[in-house]
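Below are two complexes that have chain A in common, paired first with chain B and then with chain C.
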Partner chain A sequence: MVKFRLERVSAPLWFRPLIPLIALLVTFLLTTLLVLWAGADPLKVYYYFLIAPLSSRVALIEVLVKSTPLLLTGASVAFAFSAGYWNIGAEGQLYAGAMAGAWLGMFLGGVSPVAGIPLMMAGGFLAGAVWAFGPAILKTRLNVDEVVTTLLLNSVILFLVSYLLNGPWRSPVSMWPQSPEIAQGAHYFRLLPRARLHFGFVVGLAVIVIEWFVLQHTPLGLRMRAVGLGKKAAQFAGLNVNRTMLVAALISGGIAGLAGVGEVAGIHFHLIESISDGLGYSGIIIATLGGLHPFGVGLAAFFIGLIDTGAQSLSRALGVPVYLGTVVQAILLLVTLSLFVLQNYRLRRA
Partner chain B sequence: MEIFLVGWVAATLRVATPLIFGTLGELFSERSGVLNLGIEGTMFLGAFIGFTVASKSGSLWLGFFTAVLVGMLSGWLMALLAVRLGVNQHVAGLGMTLLWTGFSLFGFRLIFGEPKVPPSITPFQSLSILPDSTFLGPVINQHGLTYVAFLLIPLTGWVLHRTRFGLNVRAVGENPEAADAAGLDVYQIRTLALMIGGGLMAGGGAFLSLAQLGAFTYGIVAGRGWVCIALIIFANWRAVGVLWGALIFGGVAALQLRLQTMGLQLPYELFLALPYLVTILALIIAGRNASAPAALLKAYRRE
Partner chain C sequence: MFAVQMQGIVKRFGGLVANDGIDFELKVGEIHALLGENGAGKTTLMRILYGLYTPDEGEILIGGKPVRIHSPRDAIRAGIGMVTQHFTLVPTLTVAENITLGESGSLLDLQQIETKVEALSGRLGIPVKAGTPVGQLSVGEQQRVEILKALARHARVLILDEPTAVLVPQEVQALFEVLDRLRREGISVVFISHKLHEVMTVCDRVTVLRDGRAVGTVEKSQTTPSELARLMVGRETFGVHRQGERPSTGVLLRVEGLNVKSRKGAVGLHHLSFEVQAGEVLGVAGVSGNGQAELGEVLSGMLQPESGRIWVGTQEVTGASPAELTRAGVGRIPEDRHASLVGELSVADNLVLDQLEHFSRHGVLDRNAVRRNAERLIAEYQIKALPETPIRTLSGGNMQKVLLARSLSRNPLVVIASQPTRGLDVGATDYVRGRLLEQRARGAAVLLISEDLDEIFALADRIAVLFEGKLMGILNTREATVEQIGLMMAGTPLKRSSVKEADRG
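And now, the complex of A and B:
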């Protein structure tokens, strides 16, 4: 029998950009099994995932609508991860921003959107940062692991939202567990006629570009990347590691908060319990797929939006359960993670 | 008052059961140095597999053991990613949770369709050791699996602290380099620990569908996996601590349920959020004294 062993070598430069493509190929090969189980034609399924959402105006706009919060949660996670701060709490910080947006929106009756929208955005950013503050200060002052604290606070804020929606904020009109409608002056404006693509998409793109600029061209970005590469080395180089992580964590929380504001002000116009349903966790996928680079994050957010839209039309057209989209995302994430490691190895005959 | 207390204690033990399974599973994983955030999804997968197999075969126990077996496979997959390849543990774990959540819902829809009335099975019946009318009847007459869960606590403590295997698990979780130098196969031991852990997590999920509900629903696990992550810290990574943690959490959850059904107007969400906040508090107080395994979250690469 021929024996193989793994040898450690650096991947050639041309290989790195190929990783997403290889990952996609492997992912689709693996999901073919599930597609066959569902009794569908794999080629048709991939057509619905990759081509159909791009081939009509309505579907393409839906992809952009779906990508809007993902741009922001992806950017939020990538920002924190870049500084080596493992913020798993974008989900909770998104809810904090959505709560702030829904709350401020109630009082903005008669206010012009020119004042109302910036106010809501500022409030959402602040709320997200506040929700991120606890774990960040615990990490930097007491060295308490942020993975667990940010994760647990996601559950805590869901209880808080549930309490508000079933109690003080319950809409007196509908009696559903949803907050009162926000004022007209707090609505994000529409970008296109007869489509629900809204101002939040512009916010998302702007945040991506700003994040790229901050990470690549400012002293803060340089410090963050240095800390992300290695905390000990950054410390020796005289950087204030804790302060850098704290700032990164707060801004990361703020960006996730903006995603929450966008869902309230651009889509629902009130707060509901299922307003996120995992957008923050998708941000972790997107940040990883995008290699923590803002532009990569932008592409990944668009791609996940594509898969989400495709999964929905897939279930309508072919009767394949919509959850196939979730499975594809998960497998894509795990395969990409593996390829990032495997690219540094080569199979050799022993 | 006595009836209230007896009912409360009985409910506490029931609520604590899946938490004990899940937390002991996470204990094996973390003691070997791997944080398994796939727990939420693995419990969901266990609930799905357990229900489906039991419903199709008519055997509850076959459902339970199939779920445990599939959970072990899930642990093996986590080991392939986080141990063999050494990818980022928390991202891989969250990916596993997403994978099993999506997979279970996908499979459930394919097998059972979308009927108006969700499919159900006759769940496990409580043991009848004492007549239900006796004072302690409701407390003693628990599910067999509840007894299993409580027996698993001392068993886990014994395995981790009194057997060669447990010593190895703790060694690779504290100092994999030294363990390797002493001739242990770090990868293999961590893989085994993750497989045992995955089996226990899935068993906890299967308890929910096979004993507690007799059905499989979208919200069947509802964050219990994250509660287990919290309980581990509360338990300070010791089996006996899991007992107290699960009882306290189960007690609070059972109490709020009972007060709610009695019609008391309470901000019950506060009760539900309390264990998470207490855990964070425990993390702060424990601070540097927390006995988290030293190599937790660190992938081991043999050079």
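And now, the complex of A and C:
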């Protein structure tokens, strides 16, 4: 019998950029199995998933609309992860931003959008950062695991939103659990006629570019990456590890808050409980798939937006559950993470 | 009668030769120490015997017969057990369950298993509580469970990899009693250690490894701690030596009454006081694990002292952070060079990491300046790399040059160098030593913490010896002998040892 053993060898440098591509391939192979099991035709499924959303103007714009918040949650998570701060709370920070946006938006009647929109964005950013502050300070002062605290706060803020929407903010007109409409002057403007694509998409792209600049071309970015890639080495070089992580965590929360503002001001024009429905968690997948590089994050956000759109048209056309999109995302995350670990192992003949 | 014979064992990891033709013989019923510095190849040799690595060359004989060991399963079948540096127990299972885990048969009859384990522990004099979950035991107790686990599988050869590293002194004593008992049962023990006094206490024979080679096997009764120390740390002589005495221009580093709490498995520092003059190298000698790492870390700002004071020049730096120490004029060469550079970042980025403020304007990194700085230092320090090369692809010697370049290019007042040449090849070693002597010539105060006695004798003007976190004394190198330093390394303070020397003479 031939025996094998596992040895630890660092992966060559050129391998890392290939990981997302290999992950995609493996994910599609695995999904094919699922689809066959569900009794559908894989080729048709892929057509609806990947081709159909790109083949009409309406669908393509819908992909961009779906990508808009994902650009921001992906950028948010990638920013924190770059500094080795494992922020799982983009979902909650997004809600914080959405709450602040909805609240500010209610009072902006008669205010020009030129003043109203920046104000709302600033408020949303601040609210996201505030919601990120607790776990960040616990982590940097008392070394409390941020994975747990940021995750738990996601549920906490949902209760808060639910309370507001069923209590003080309940729409007096419809009595639905939704906040009053925000003022006209607070609406993000549309980018194209007769389509939902809004200013938030520009914000998303701008944040991606700014994040790239910060990470690559500023001392803060270099400090963050040093802390994220080697805490002890960063400390030895005299960097203030805790302060760097704190700053990264707050900015990350702020970016997620912007995503919330965009959903309120660009899509719904009021706050509802299901305004996110996992956008923050998708941000984790996007950041990982994008290799924590802002441009990779941009591509990954677009790709996940594509799958989300595809899953909807797929379920309409073939009657497959819309959850297939979520399943693909989950498999993608697991495969990507496995590849990041497995790349450092080789199977050798004993 | 040999229990185990290993002949001509070679094991390479990529370009690194961890075991370079090692012969090792273990007699039946002896406690045999495998002694050597960190990185000497002790763990690798024993992992080969236990089937965790396959040797590239060499033979293994058990009870005189050649065997092939491909996995721990093969090793266990051949009667070999190993307690590794990291335990492999399941915390939620009981002692009895852990001991029988992985044996054929089932976990069903717990009562019977517990009785069996208790009988075994009684016979061997290794007290354990068979019904307690392992997670509730102290480290020392867990180690006993590991030993029992090996013996329950009928091991006749027991390998212990640095067993005392995780124990407090009382537990060490108890472990030695257990080993004594096993020896009387006819079990052979390989005791891996880099601590001389332990080896002298408990072992029958000692094999010393250095740089992947076996440099000698001696009977305990026919050796001395100082001879072992010399075997362990001696190297081929290197070309770089300190030249001439330098007139002192004052104290640049002063340490007074320094105390550091002991961390798990390590000694602390106790009432350390010394001074280093300008233009002087003070060598700190000692067997590994006697407080050198702690001293290096405290003086680098990575570890805070419990009490005591530190001055650089006239400035007090007690409790200063790494950044504050750098500003105060301390250049730091760390013991663990891999953990002190960011492997995924480029050479250029690592070279500016501790002085980013000088390389940015209006909150933006000046990439050109970063690059020019890297090009200059790469040329000046002969680093074999490009500015954009990731650190992790560099050899140990080139990593060390990056660290030297980063700290020495600022002309520090005080240089703290911890094990600066450990694991480096001859060329890189000479280079690093030359750079340190350059600092001395420039008038810096150099503290050289090294386990390599030859290095200390070649570079240091004065030699301080650490033993269990205490200073055994400071000698002028001109007046010091290897024998005397060896005695101090084994725990004899300077005064008494010189009296003994005088008595003998």
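Just so it is clear, the second predicted complex is superposed on the first by the 347 of 350 C-alpha atoms of A that agree within 3 Å, B and C clash if a C-alpha of one lies under 4 Å from a C-alpha of the other, contacts with A are read in each partner's own complex, and residues count from 1 in each chain.
Operating definition for what follows: a contact is a pair of C-beta atoms (placed from the backbone, for glycine too) under 8 Å apart; a residue touches a chain by one contact, two chains touch by 3 or more.
What you are looking at is a predicted structure, and each value in this text was computed from that prediction instead of being measured.
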{"item": "Three-chain arrangement built on chain A, chain B and chain C clash or fit", "value": "clash"}
{"item": "Partner chain in contact with A:A259 - chain B first, chain C second, else both or neither", "value": "neither"}
{"item": "Chain B or chain C, by number of chain A residues touched", "value": "B"}
{"item": "Partner chain in contact with A:W37 - chain B first, chain C second, else both or neither", "value": "first"}
{"item": "Touching partner for A:Q235 - first (chain B), second (chain C), both, neither", "value": "second"}
{"item": "Touched partner set for A:A129, first chain B, second chain C, both or neither", "value": "neither"}
{"item": "Touching partner for A:R223 - first (chain B), second (chain C), both, neither", "value": "second"}
{"item": "Residues on chain A lying within both footprints (that of chain B and that of chain C)", "value": "none"}
{"item": "Contacting residues of chain A [partner chain C, same complex]", "value": "3, 5, 10, 13, 217-223, 225-226, 229-230, 232-240, 350"}
{"item": "Chain A contact footprint on chain C (complex, rising order)", "value": "54, 70-71, 300-302, 321-326, 332, 334, 339-345, 349-350, 353-354, 356-357, 359-360, 363-365, 367, 390, 392-393"}
{"item": "Residues of chain B that touch chain A when the two form their complex", "value": "35, 37, 81, 85-88, 90-92, 94-96, 98-99, 101-103, 105-106, 109-110, 223, 226-227, 229-230, 233, 267, 269-270, 272-273, 276-277, 279-280, 283-284, 287-288, 292, 297"}
{"item": "Chain A residues within the chain B interface of the complex", "value": "34, 37-38, 86, 88, 134, 138, 142-145, 147-149, 151-156, 158-160, 162-163, 166-167, 281, 284-285, 288, 321, 323-327, 329-331, 333-334, 337-338, 340-342"}
